[in-house]
Structures are given as C-alpha cells and as structure tokens.
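Have a look at the structure that comes next, please.
Per-chain residue numbering starts at 1, and chain names A, B, C, D, E and F are given in the order in which the chains are listed.
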Amino acid sequence: MKSVAVRNIPRAESQYIEALQSQGVATVHEAQGRTGLLRPYMRPVFGGARIAGSATTVLAQPGDNWMLHVAMELVKPGDILVVAVTADNTDGMFGELLARSAKAQGVVGLVIDAGVRDVRDLTEIGFPVWSRAISAKGTVKATPGSVNVPVICAGALVTPGDIVVADDDGVVIVPRLHAAEVADKGRRREEDEAVKRERFKSGELGIDMYDMHDSLREAGLVYVDSGDDLEP
Amino acid sequence: MKSVAVRNIPRAESQYIEALQSQGVATVHEAQGRTGLLRPYMRPVFGGARIAGSATTVLAQPGDNWMLHVAMELVKPGDILVVAVTADNTDGMFGELLARSAKAQGVVGLVIDAGVRDVRDLTEIGFPVWSRAISAKGTVKATPGSVNVPVICAGALVTPGDIVVADDDGVVIVPRLHAAEVADKGRRREEDEAVKRERFKSGELGIDMYDMHDSLREAGLVYVDSGDDLEP
Amino acid sequence: MKSVAVRNIPRAESQYIEALQSQGVATVHEAQGRTGLLRPYMRPVFGGARIAGSATTVLAQPGDNWMLHVAMELVKPGDILVVAVTADNTDGMFGELLARSAKAQGVVGLVIDAGVRDVRDLTEIGFPVWSRAISAKGTVKATPGSVNVPVICAGALVTPGDIVVADDDGVVIVPRLHAAEVADKGRRREEDEAVKRERFKSGELGIDMYDMHDSLREAGLVYVDSGDDLEP
Amino acid sequence: MKSVAVRNIPRAESQYIEALQSQGVATVHEAQGRTGLLRPYMRPVFGGARIAGSATTVLAQPGDNWMLHVAMELVKPGDILVVAVTADNTDGMFGELLARSAKAQGVVGLVIDAGVRDVRDLTEIGFPVWSRAISAKGTVKATPGSVNVPVICAGALVTPGDIVVADDDGVVIVPRLHAAEVADKGRRREEDEAVKRERFKSGELGIDMYDMHDSLREAGLVYVDSGDDLEP
Amino acid sequence: MKSVAVRNIPRAESQYIEALQSQGVATVHEAQGRTGLLRPYMRPVFGGARIAGSATTVLAQPGDNWMLHVAMELVKPGDILVVAVTADNTDGMFGELLARSAKAQGVVGLVIDAGVRDVRDLTEIGFPVWSRAISAKGTVKATPGSVNVPVICAGALVTPGDIVVADDDGVVIVPRLHAAEVADKGRRREEDEAVKRERFKSGELGIDMYDMHDSLREAGLVYVDSGDDLEP
Amino acid sequence: MKSVAVRNIPRAESQYIEALQSQGVATVHEAQGRTGLLRPYMRPVFGGARIAGSATTVLAQPGDNWMLHVAMELVKPGDILVVAVTADNTDGMFGELLARSAKAQGVVGLVIDAGVRDVRDLTEIGFPVWSRAISAKGTVKATPGSVNVPVICAGALVTPGDIVVADDDGVVIVPRLHAAEVADKGRRREEDEAVKRERFKSGELGIDMYDMHDSLREAGLVYVDSGDDLEP
C-alpha cells in the first residue's frame, strides 16, 4: 500500500451541510434511498450530539495513529475526521490531546472504526466522537497509511469531501455531488412526516393511513378471531 | 410460513401486572425459578424505565416492519409490543412516528429483537424500548409475518398475553397463568430481601448468614494463610 | 482444580494507590509500558467513577457466585473485588445485596468478567462496577472456586494484591511491586501532557511538535496536491 | 426452575421420520413454511451425515452435564438428544464415553447448544453431532436440570417427540403432529425440483422459468446498457 | 435505493486472470500492496479450490435472492458472482439449483456476504463458494436490488469487472486496470519466494536472511540469557 | 513495554511430553484439574494432528510478525511456538515460508492467537497450526515485542518451557513443574476410562455406573410419567 497524503479536497457548500445536519441521520439515510449508513456498531461516546461536515479521511494501520497527525495538518474548519483501519482493531487511537488539537483546527467531530480513550475528557470538552470501542490501549507511530484517499469505514465507502452526518442513531455518508438533491428530498420528507406525526398522535392507524388492507390480504395475511383458530 | 393476525388474546389481571412491575426483572426472574429471561443483548434505549404489560407479539421478516402496523391495530391499552424476527437482524424497524402511534393506542413499551432509530425522540417522548441494536437503517413493507402467534424473542418463548416485565436489568416473560403465583412469590422474596438488606448493611457476612462454612468445606474448599502455602 | 481461599495477601502502600487513582487508566497504562489492560468489553455500569485499590481475586464457576461470599470474608477496606470465571459467561453474579455487603466491608468496587444485575440499585448506592454484561440471570451456589489465587480476568493476569485502576476508559492492573515506579512515571507523564495540552490548544500541530516530517518521508509518505494526482 | 424428568413421550411414525431424513434440512425447512430452523452457528462435528429422529430433550445448566446421564436412561432407539443450556456456554459437555453410551442405547445423534470434545473419537465412532463449539473444557455434575420438557435450543422451540432433521446445512425441527403433512409437501417439492434441475442444467434462466420480467419491472428494476449510464 | 441492472461491463484480459489465479490470494494481496482483501469471516464451503474471474456484482436485500436470478441473465462464462447484502444477514440465499444454473452459464464460483445451503450438493457438483455462513434458511423474492453496480462486500469495494481471486486463504479483489501490473509483481514475488524457500528449508534464519539484527537493536530489542535476568 | 528476547529457557523431560501427547487435550485438561485450556476459538488449520512440546513464547504487536523471526533463532527441536498479540487481531502473521523455516529448526507446531495464511501449503507440508483465524492479510516488521516472556494466549497464561498439548479438541498448557504429576494422573484416568468404555459399550447406564439416583433425588429431580403431569 502506497502512503499518500492529499493536500486539497473538494468540499460541499455549507448550506447543504447545515440542512443535512438539521435533518439528522435517519431522515438523510431515507432521503438518499437507504444507502451510505455505517454499521450499527459505531456508537457515540456521549449522547445528544448531532453534527455534519466534510470528510477528511484517514487510512491507518491497526494500533498506529501516526496518520492522525498528518490529517490534522490538512483539515479545514468544519471538517469531520473519518478514520478507517486496515484490519479490525479496537485500540484507543484518539484521546484528549488529539481532541484539543482537533478543536483548535476547527474539526467538528471524529468517526473512527477503532477505539478511543479519555472519554471523560472528550465529554467535558464536548468533542463528539463515534467509535467502534472505548479502550485505553495506546498506539504506536511506526507505519504510515494515507490521508484523503477513499476509504471503507465500518462498511461504507467514504470519499474525501463527502458529507458526514452523525447523531445518536449512527453515521451516514452523503456523496458530495448528491448533497443538494438529498438535502431537498430530506426537507420534503420532514414536511411529510410532520403531517403524519399529527395524524398518528391523534390515534389514526398506519394501516389506514397507508391503506394497507388490500395489499396485506393479497400478500396472504389472514385474520382469525382467536389463537384457538390456529392450526395445531 | 402462513401469515396470520389473531384479533383477540387473553390478558392477565392488572393487579398481577402491577405487582410484577413493582418487583422488577431480577426479582420476578428469581420468583419464577430463573426462567423466562431474554438474552442479555437486549438493552434499554434509555435508562431508568420499569414497565410491565401484556404481550402483543409480532413475527416479522428481517428488514420489514409491515406487521408492526397490523399489530398497532390489535393492541389494547397497557400492552407491550414484543417483536421477533425470522433471522438475526439489526435494522431500525421502529422509530419516532410508530412510537407516537403506539402511545396514542396506549401501548406502554416495545421489546424488539432487532434495531430501532430516532432514539433521541424516543427518549424525549418517554416511550421505553428494549432492543438488540440502534440503527438508522430503514425497512421495507414487502413480506407479511404474523401478529399474536407464539414467538421466540431473544431466546425466550413469548405467548400472546404473557406478561412482559422490563427494566435496566433486561426483560423477563411470565406466562399468563403463572402471574398470580409468581407475583406472590416475588412479594415474599422482597420481604425476605428487606431483612437481609439490613443485615448486610450492618456488616454481617453472607457466609455466616447463609451458614456456608460446612458446605464449603464439604465441597472441598481449603483455607491457607498465605499464597506461599500454595503448591508451586 | 483445587479450591483454595488465601487469607492474607500483601497490599501496596496507599500513597501509590492514590496516585494511580488520580492519574486514571489511560495514563497508568502508558506509564507502565502499555501493559496490564483488560479487554475493552469490560464497561462501567455507570459513568464517571474512577477508583483504585488492591485486588482481592475470585475464580468462580460460570453461573455460580458462591466464592463471592468467601471473598467478602477476606477483603480489607480499600480492596477491589476482581472476579474471573472458568468459562465465558454473562450471568448476573452480583447484585444489590452483595453490593450492600461489599460497601459494609469497605470494598471500593467490583471488576467482573461476567454479568451483574440490579443496576439501578448499584447506581443509586454508588457502588462502581465494571462488567462484561448486564443480566438478571441468577446464579447457583454449587461448585467452589478459589479466592486470592492468580487469575486471568478479561485477558489480563491479576495477582492478589495487585493494584486495580478503573474508570470510564476501562480497567488496568499494576503489579504491586511496580506501584511506586509506575506512579512516578505517570506523574511525569501528566506533567509532560500539561505542557503539550497548552500547545495543542494554541493550534500547534503534532506533526511539528513531534518533528515527524522527516520520519514520515523516510517511511514512504508522499504528499500530492489533489486526488487527481493519484494513480488510477 | 423445578427439575423434572418425563419418562414417556409420544413419538412420530417411523415412515415419516425416514421420509424427512431422505429429504434433508433445506427441503424440510421449505416444506414446512420456512420455520423450525436452529441458528446457523450449529455446525456438524464431521461432514456428510444426515440423520432424523425423535427428540429427547435436555435442559442443562452451563458447564454441567448431569442431565445427559438422566436422559440416557429415558431414550429409545432412534432418538436424537437435543440439549439446551440455561445460559450461553461452550463447555465440552459430551465426549467419547457418552457417545459410546448413546450408541449402545440406540441414539442416532446429538444436537447440543454448547460444546463437545473428543471429536476425533466421535468421528471414528461415526456418532454424528451438531454443536455450537468444540471445547475440551470439562463439566461438573452439580445442579439438576430437566429431561423431556419443551426447550429452546439455538433459537428454536423443541417439544419432546418432535422430529429432528440434521445434515450439513444445519438442523430443523418438525412438530410431531405436522410430520405427515411436511413429509408429503417435501416429497412434492423434491419432484418439482427434479424438473427444475434439468431445466437449469440445460441453461434455462430462472428469470424466464419463474417469469419474473414483469414483476421486476413493476418493482422498479431498470436495465441500463453500461455503468456509464448510471447517475454520478 | 434505485434498482438498476447494468447489462455490459468491462472485463480484464484472460491472461492476467489466469496469472492471478495461479499465484493465489496471499501472493496477489501482497503484490498489490496489501489491499483488496475481504474480511476473514469469508470461508470456502469446501477446501482446495482456487479460482479467479471477473466480478458480476449483486446488491441484495437481506433474506431476498431475487437479484441472483437477474445476475444469472447477465453473466458471461468465466465470471464470479459477488453478492453484497444491504444489512448483515446469514440466510441461505444460494443452493443447488442456482449452482446448476450458474454452472450452465459458465460461472466459475460465488462469493457471498451471506449464507448458502445444499452444501453437500455444492461439494459434489464442485461449484466453489465463499460465504459468511451456511444456513438452510430460505429467502423471498420481494424487493429488488441491483446488478453490476459497485458494492462493498465483506469490507472490500468491488467494481463490476474487477478480478476476484479466491482460495483457502480467503478472497481478494484486484481492480481491473491494475491486473497486468499486479500479475507482474506477483510473478516476481513468486520467483523471489522460490529462492527464499530453499534457503529456509536449508535452515537459514530469517533474522540473518533479512539482516534484522541492527534494526531490532535500534528498535530497542534486548537479549538476556535467562528469564531470571528479567526485572521482577 | 520493554522488548526482550530470552535466550535460554528450561524445558520438561521428553518422557513427560510424550506421555501428555499420547493422552491428548481432553484427558490432560481433566488430569490437571480442568485448568490451562485456551479459549475454544483456537482451531486447527487441518484436522487429525496431535502434538506436544515445550513452549517458546512470542509477544507480538497486531499485524507485525517481526518477533517470529527472533523466536526462530531461539527455538530448539521439539518446541512449539506460542504467539500472543497485544490486541485482538486476525492478520495472517505466519505462512508457508515461516513454516519451512520452523520445520528446518525442528519446531513441531504453532499456536497463535491471530491469523495464518497459505493454509493449503501448511496442510501439504504437514506443519500443524492452531489459530484464531485464517487470513491472507500480510504483516509489517515495524515494532518489536518479546520472546520467551510469560504471555497470555487465548485466555491462558503460558510461561516459556511450559508444555503445550494440542489436538482436534483445542490446546492446553501444562506448567513445566507439574508435567510428571499430570502425566501420571492422565495415565490413571486413561486406565479408568478404558474400563468405563467397555461398560458403556455393553449398555450400562452412567446413572447406574456413577450411582446418581440418590444424589439426583436429593438435588430435587422429580420423575413424572408423562408431559401431561407437568404443571400448566
């Protein structure tokens, strides 16, 4: 594997990033056709955060956080660091000092398919992180990887400059060129859900609202009055 | 697999449901002879809730939440939705809109051997959920399953109308016909534990309280004064 | 396996235990050369606690908490119970009553490679626990194990009297005879990090601070201006 | 949990058991509507065996094989032992001596949601076993369980006397009262597959054989000539 | 997610495919810089096969094998089917009849991030399969996916027409445009290893052959004569 | 972590090693009181081998096989390499060339808590390996570890010179100083089992042979004639 650091990457317009942030992961994921989601083992270190930003990507060796320092040199304010590792690993590749550094560079959060540590400090500082694990296990700086190349992070392809949206539901990636379209679809989805929300709250049933009776019957669903009517 | 929805199920008397709720999962599990517990991977979406209710059961396909809408038509106030899936799956089959609908129908909580999403909303609404995963992954409505048939959820058999008790320790199922007996045993267990609690707090040792010295010696336990007395 | 309970174990001086507690798991782990860490599946039942103490060790059978009662007879104030199990198991071997007993004996916390229950009570009582799982599954008292013998807990060797440090980042074991040396190295590490912290906060980059440019180039890292410069 | 051993259980007629055996797990599973399958972590200790028989069920404690000896007293020739454990466990509960005993009693195989050992001997003897794990870890005989009560084994409900079918594809349970019906449906399925087999071998496509073109188009599938025609 | 089937894909020249096949997965993986490997949970259904071919890719829903029939219409002789699923799933999406069909179309093997069944038949037919699981669990044909779009299969990006190499060591993907270069590097690697093989067989040590003594000392390795010389 | 290579280690007498080899893992594990077993995820690369030898231990970094070359310099004929890794890892740290080297040095096998590759070659050469995974993933030689220090491998403590026994049932470690005693107990256990084997083969039941009727009744087991006699 060649080790490359790409200095300049394209980034999406901030209006789309902001729109996607306000919509959140579940809505964005639906709006782009149920694609781009990271595996659900990626969990936030502390709850309640919702962020969006441009992906600065890192491909690291297991147990080696050298490339994070290279990435920190290349980020721009508003970026989110997305770290993939060449083999499954849970070592604590990121902690309080790197979080201080990231904050100072304007990074808004970290998504890492490995472990992090100093979670009490990360929480106090308010630097949001989504990770595979929490581990105090320290790392070496021995083998280089790459920065700002396409990576596969927790099962999703992330191209540098893609938009990352992360909240309590997980992490979703929106390809940069789709940002405007997805933001627009997400907005319409929110409007649609606002109407449905009121109908559900008033007690209307989804089976009526979505007119499912016929399709359920055609698909073979049969109603019986009691469990005694089931075959033995 | 035939797709069936059973309209009417028997339910336990509310006095027993209330008694079991106040006792909580660990006590109820002991009171019925250490049976009926769901696998420990079932975790609450938010902490601190303790609920009990009658099981309305759902058997769903992986990644397909169609049957949840059918179940919502058949629940009664006080019910808990128990969702099993025909194959291991973590997709987010339940979210904010369905929680609004469930609340409007009087459902007191959800136990699902799959994923849920919109966890920030679920927490704000205060709709308690125990699930295998949190995932924004959306679902289709393509293949029917069944409602109110016996299901195996997270390793436990759940018959419609069984009593579900869930809290921070997990989820336990009490067969409907055992409700009175288990509630009574749980009450006596609580009384017994209240006495022991004071003795433990005052510094009395379990080894004395339960008179274990002889049985330990018979079982082969040997005391030595120091690790130096151990064989090499 | 012979069943042995060792009455007397050596313990480290309290000044070192206090020093290691204030440093926390990540610093102590680094200070002793990145060794002694338990597997990251060991998680605190509630967040925010940081404890240190001398290990009273327990080797138990799966689903059998008999030896915990023997251990409670042998602990001294300031100890931490470290429980290993002879096979992978998640049963709830420890709950509220044992926590009351442990508190009454002066035990400051529990580290258990199995499950615990009554987590709401543990949280209210403020008795800190690190465990592999939360499970209401009760246990028997049928087969003896040992107390205060060397055990392997979550992948780490723990000798009775070793110092256990636990916080939100996990659990680390410091051999008793290394306590003074590790505490001293940890203190110097904290001083060093205090300086770096200010430099990172002011925006200085790690790549400059650690003078990595040459070593990265020698290791083969190449900078390019744009992703278009990457080979197809 | 009360410990009960049930002496007499109903068994299915041997003609149906033989029919299901010859059809194998995949066909039987389909023939009864895709139900009754054990989790896929259940794997054969050696390949190539295909067995069917009546379930003698065992509910055991983790790491305790006492009940296997009770079950051996109650089996009848042609039975298959189905062992469930009250908590996830991989200990080697069954080995060469028990296999000798089982063979002597006419037992045709073992399905166990735990571990087994002496796998070289099991292979030489030709006693087929499906298990969750292989482990030399020995077990105690300390806590009783039950024999011939309904159990949940690897996610499937098994009632004593149900028919167990096991081969290289896994294990499936057929409720005793459904045996005739499932055997009949399986036979017709085999006949149907024999015809399809020849058509597939001759190069006919499933998309034509099942006439899927219209339904795929209605479901939204679009054909394009080249990847260049995909949206960016 | 739009459902698309791409009719025509580019394919690599057969000479490179043959060269990569003869080198095998470990050599090819090294030759292209340790990239392109699928996760190690992908295992062959039977041992001893080594294949290479052009990837016809399938993106399927969990538990739904509809798209496999579409793919079978679009394959060319020499292709390998590569099946990704939109969520983690182990259902048996492929069995004997589809293997007959694939063979008739000239497909040389299957790589599937899900389950397969009829493994005895697959072995007898000699149709090689690498999968995540073996499961008799059947699938529906309800929701379309895509054919010949880029997919992420077991953690690796696979673009239609990429070269797939699979053997007992796992599965590796070679981007089509790199085929010639990787095949050439692999050939040189084999020549180099042939020389080393003889030296190793004659008893020469790697530490001498690779001249590691100085670098090990510089990296901090210290030799001591006996374990007694280790610090306590 | 200091990097140390210890040149000389004590080894057990060959007569004990040979005795333990002939007894096999399950018997040895029982003979030493059910201790010393590695986790059951350690599986042989090919079946049928049974080896025993003195442990030359290696502590390696994840994805780094540098120390294996150091170990190869220090082994003696009859040794078994036991490789532990400082973090969970499945990379293929050992393959055909190292196996050639190991054979040339007289090493009789490898036990590695990581991955191996070239499994077809390992099988042809007949070099037995027990590993956590099979993976073609290559490794670097960047960070030193240690050779011949005590390690924890797959959950078991291994001191250099301990006796390793491995077969199809897994891997067990016998402390060097216990070799004679364990070999003797194992021999007596084999003699005892030879007698029981014949009794089991003749149809005698374990429940009679071990005289379990009284203890089962005392432990609470109740016999009933039919499932109809069970409580509802």
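FYI, a residue touches a chain if its C-beta (ideal position, glycine included) is under 8 Å from a C-beta of that chain, and two chains touch if they have at least 3 such contacts.
From a predicted model like this one, the values you see are computed outputs, not experimental measurements.
Listed here as common contacts of chain A and chain D: B, C, E, F. Its interface matching that of B-D in over half of the contact pairs by residue number, A-E stands out among A-F, A-E or B-E. For the pair chain B and chain C, the distance between C-alpha centroids works out to 30 Å.
Between chain C and chain E the centroid-to-centroid distance comes to 39 Å (mean Cα coordinates, whole Å).
Within chain F, the positions touching two or more other chains are listed as 2, 34, 86, 88, 90, 137, 143. On the side of chain E, the complex with chain B involves touching residues 61-63, 86-91, 137, 140, 142-143. For chain F in complex with chain C, the residues that touch the partner chain are 1-2, 33-35, 39, 86, 88, 150, 152, 155-157.
Only residues 25-26, 29-30, 34, 37, 40, 43, 47-48, 50, 167-170, 172, 193, 196-197, 200-207, 210, 212, 216, 219-227, 229-230 of chain D touch chain E when the two sit together in their complex. Residues 2-9, 66, 68-70, 72-73, 90, 92, 95-98, 100-101, 103-105, 115, 117-120, 133-138, 141, 143-144, 148-149, 160 of chain D are the ones touching chain F in the complex.
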